[in-house]
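Listed next: structures, encoded as structure tokens.
Each of the next two complexes has subunit A plus one other chain: subunit B in the first, subunit C in the second.
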Partner chain A sequence: MIRFLIKGLYYDKSRSRLPIIVVAIGVMLAVFLNAYITGFMGETVELNARFANGHVKVMTKAYAENESQLPNDLALTEVTALKKELSERFPELDWAARIQFGGLVDVPDENGETLSQGPTTGMGIDLLSSESMEIERLNIRESIVRGRMVQQPGEALLAEEFSRKLGVNPGDEFTLISTTMHGSMSLYNFKLAGTLSFGNEAMDRGSIIVDIEDARTALDMDDAAGILLGIFDTGFYDDERALEIAYTFNAGMDDEDEYAPVMKSLTQQSGMGQLVEVTEKWSVYIIAIFIVAMALVLWNAGLLGGLRRYGEFGVRLAMGEEKDHLYRTLIYESVFIGLTGSIIGTALGLFAASLLQGDGIDITGMMEGSAMLYPSAIRTRITPTDYYIGFIPGLLSTIVGTMLAGLGIYKRKTSQLFKELEA
Partner chain B sequence: MNYYRHITVMKFAIAIIFTFALMPLHAQPTADQILERVDRNLSSDNRVFESTMIIHGARGSRTLTSRTYAVGEKRSFTEYLSPPREEGTKMLKLEEQLWIYSPSTDRTIQISGHMLRQSVMGSDLSYEDMMDDRKLTETYDATVIGSEVLDERNTWVLELTAKVDDLAYESLKIWVDTERYIPLKEEFYAKSGKLLKRAVLSDVVQIDGRWFPKTILYKDMLKQGGDGTEFKITDIRFNENIPDYIFSKAALKQ
Partner chain C sequence: MDNNAIIQIRELTKSFPMGKSKFTALSNINLSLEKGEFTGLIGPSGSGKTTLLNIVGSLDTPTSGEAWVLNQSIGSLSAKEAARLRKEKLGFIFQSYNLLAVHTVFENVEFPLLLLKIDAAERKKMVMDALEWVGLTDKVKSKPPQLSGGECQRVAIARAMVKRPSLVLADEPTANLDAANSHHILQTMVKLNEELKTTFLFATHDDKVIGYLRRKIYLLDGKVANDEWVKDYHTVK
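Up next is the complex of A and B:
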């Protein structure tokens, strides 16, 4: 019977063409959008985790309240002991101390006078110790455009665009003008080791990266750090576990002391919670929307088909075929249509997603002035889910649409069939 | 004749009585006169002083010492003597410009624009505060708005409103000692009327015929935490012979 139904669908194109096209388009969009959400949103979450938020972040309570101002006067102190304690209590996380700072990069001429100057946002990270994973985490080595990695104290990396604007090249010296932890003006000389391009508007605008020990010396922050980031060893964010760790850590802290450390999970930080939640839920929303929309379209198509096949159903019923059997064969047909449409739609969706998986669409201009770190390009990411996710709306919508349209079969009266056929 | 003479004498007597009756027992100087006397105490042609700045931050106190040479209101040179991290840091003010020299980087950087509003060495004083040495009479219009007793000293309370555009503070309220013509308290306000800074002046001593406060406690009201910055003058000499080369950029690197 199955072969018979398939043959029917194949030879009677008017039965299958439109529903297959509708299903294929819907499935293609569902697959593509899922790959887009996984790619763009996921990349945004990971980018923010690696660069700014960690999977969990430890700061002083006062620092957390004024974080956007990079208030190093409120930084964590005795960081070595704190880091040791955290590593012992939560071994599944890798802990990295960082110092974020603002200031000016001042490039001197041959007489030591200011040649050029520009505002900068800097990061002091562990670049020189062997156990540090920061270089890989921030993809620094691969981001170098000119020059080389920092190899010794007193060296720095500048954003490529920023260095060109200032006219400073690898090997040149410049001065970082910033503020110490105690509020004094700080001047510190660096040698430019290399230039970077992160491919991110916020980072490429005017960033400087130095070793954390240099940052500590420059900003008078002995054994201090603005933030301590914890990243899961698996590399993937686990919201449930991160919240549990943060809760456990904060439970033992003094609520009254504004310099006591507090821990925040990624989802508890600067709009990231919403982003993670949205990322998780959007796929479900998209599938639900497509099921409803396509079911409506296919119901309509089924009704039209039903009208066109009115005579055929009449003959089949007149020949003694059961209404239930007729209804079931329609549903079987819809399964074949749904499967065919889903296969075609999935293939097309994956093809479209693969086109944006590499370079993506540059959206740098749209992200100017953004406080959150966003990827500079919209990139899709094809995951195993994309291979089957389209079949859910594809099959469900055709079956539901057919079931609704096929209800008309039960309204046919056997007594009137011959009269209808005569007509 | 005697009658007219008598009338004249009477008129004269009444005039004298009225004149004395209208005179207050202690004549209060005008606001401008008070400010002029304050300027006379605080301003000088030149001065050399050593000072200690104790910054009472939210997480502890730091002490810095420095030596300053100043000529008039346009030129000054400060060298930090301690702690070791700040030792050798020098600041030069020439007219409206300010340079800072850092020995660890061997760089001289001009401080300008918004950087002037930054704190000096983490204290409650900004570079802008340090830059403005102009006389009060040249920069503010004053009105006496009352009198108060402050730390057992009688004071006049003056309200000062900016009469030039380039001031850091739009208005000031100062409590001036009625005997020594030294402000004992100052409040600095923004154009919006917000209190930005407060200074309490104490240890008033007489040096070379002028009264001078040797300790000033500054409090930046916008700064969270901390108990202000204590600025103590440990040694001050007026009308010294200061060589001109000190006020040059070349002197910063010496």
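Up next is the complex of A and C:
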């Protein structure tokens, strides 16, 4: 019987072609969108984790409440001891102290007078110690446009666009004007080692990167740091474990002390929770949307097919085929259509996704003024899920569509068959 | 009940609701058909012949009275039992052939055997036998749109006969055919009736069919007006 049904689908293109096309298109979009979401949103989450939020982040309670103001007067102190403790208690994370600061970059002329000046947000990170993974984590070496990597204290990196606006070049000196941890004015001279382009608007707008010890010296933050980031050694964010670690850490802290350290997982930080949640749930949304949309189309296609095959169903019922059996054979046909459409759609979706997996589409222009860290390009990421995810809407929609459309079979009156089949 | 009877109908009445009143299509019918008959229900449109064919074919049930077909009371069959009776014991031939247009001749004839879950080798033999009876072994791979009307009806006969049913019900089988094809079809059915002892029951008002019948049951306004056997019936027309 199955062979008979498949032959029918093969011979009668109008029975199979439209549903297969509908399923293939839907599945292709579902696979592509899933790869896109995994790629773009996943990259966004990881980018934010690496640059700003970590997989977990430790700050003082007061710093956490005013984080957007980069309040270094509320920074963590005795960071070396805290970092050691964290490394011992949570060895699956790599811990990195960072100081975020704001200020002005002042570029002098040959007479020492201000040639140009611009506001900056900076980061002091561990650039010089051998065990630091920060250079690789932030992809600094590959992001250098002109000049070279920081190699000794007193050197700094500036965003390429920012340096051009200021007219400062590698080898030139400039002054960072900022505020110390204790509220005094700070002036610190740096030599520009090189310029950077991270490829995202928020980082490239006006940033300065210096070694954390220079930042400590400049901002009078001895053994202090604004934040301590923890990144899983695997490189991938594990929300469940991150929340567990944060809960364990915070459980031992004094709730009343504003300067006591507090740990937040990535999802507990501004906007990231929603982003991670959307990323995780997106597959479910995609599947649900495509099931409903395709089922509606296929339901209609099934109704039209049912009208066209009215005579066939009639004669089959007259010959003694039971209504249940006839209904089941329609579902078998839909499974075949769903499978075929899903295979074609998955292949097309993977192909389309593979085209955007490398360089992707440059969206730097769209991200101008964005405060959030977004990748500079829309890139897909093909994961094992993409090989099967399309089969869920592909099969379910055809089966549901056919089940709805086929209900008419049960309304058919056998007593009218002779009359109907005379037509 | 007469044990030799393949169809036995007692005081059968069939009526349909029409608004607040009802329309009686068959009234107090009494009939009995034995195995091997070549019989027709003859009458003008609205005389009740298709309604009676529906009931005998287990496609409909009587309002009152009894209809026994192959020892099964049609009125008491469930939908599944009625379908099983049609699937196993009855063959149908329609005025408009009603072949499955996208399938080949072979597959059309094979379909009733698929419902009976007969294995592939046996199916193939039975299909080829049936096509040989109707002289269409050379059209095995053709599809209905490639056949003439007469050939289509011969495929329909093969489809009805392939499972060797006890009873074949044919509703105006020659209505869409010219005279030559009609005679060819009818001769085929007569031959099958004689060789396989299959009972044929027609619903018709076509003189060409009537000329081949061995027994003619005239219906008028839902009642049996006349029931006559043809004397000196010759098999070769």
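The working rule: the second predicted complex is superposed on the first by the 420 of 423 C-alpha atoms of A that agree within 3 Å, B and C clash if a C-alpha of one lies under 4 Å from a C-alpha of the other, contacts with A are read in each partner's own complex, and residues count from 1 in each chain.
Basically, a contact is a pair of C-beta atoms (placed from the backbone, for glycine too) under 8 Å apart; a residue touches a chain by one contact, two chains touch by 3 or more.
Because the structure is a prediction, the values reported are computed rather than measured.
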- Task: Give the label of whichever partner, subunit B or subunit C, reaches more residues of subunit A.
- Result: C
- Touching partner for A:Leu187 - first (subunit B), second (subunit C), both, neither: first
- Message: Quick check for you: in the superposed arrangement, does A:Thr175 touch first (subunit B), second (subunit C), both or neither?
- Response: first
- Message: Quick check on the superposed pair: does A:Gly320 touch subunit B, subunit C, both, or neither? Answer first, second, both or neither.
- Response: second
- Query: After superposition on the shared chain, which partner residues are touched by A:Gly112: those of subunit B (first), subunit C (second), both, or neither?
  - Reply: first
- Query: Does the superposition put A:Arg141 against subunit B (first), subunit C (second), both, or neither?
  - Reply: neither
- Query: Once the shared chain is lined up, is A:Asp12 touching subunit B (first), subunit C (second), both, or neither of them?
  - Reply: second
- Query: Where on subunit A is subunit C touching in the complex?
  - Reply: 1, 4, 7-8, 11-12, 15, 311-312, 314-323, 325, 414-415, 417-419, 421-423
- Task: Could you please specify the touching residues of subunit C with respect to subunit A in the complex?
- Result: 50, 53-54, 57, 59-60, 79-80, 82-88, 90, 92, 94-96, 98, 100, 102-103, 107, 110-112, 114-115, 143, 159, 171-172
- Mind listing the subunit A positions that touch subunit B in their complex? 73, 106, 108, 112-114, 175, 177, 179-180, 182-185, 187-189, 220, 259
- Message: Which residues of subunit B touch subunit A once you look at their complex with the stated criterion?
- Response: 55, 57-59, 62, 85-86, 100, 102, 104-111, 118-123
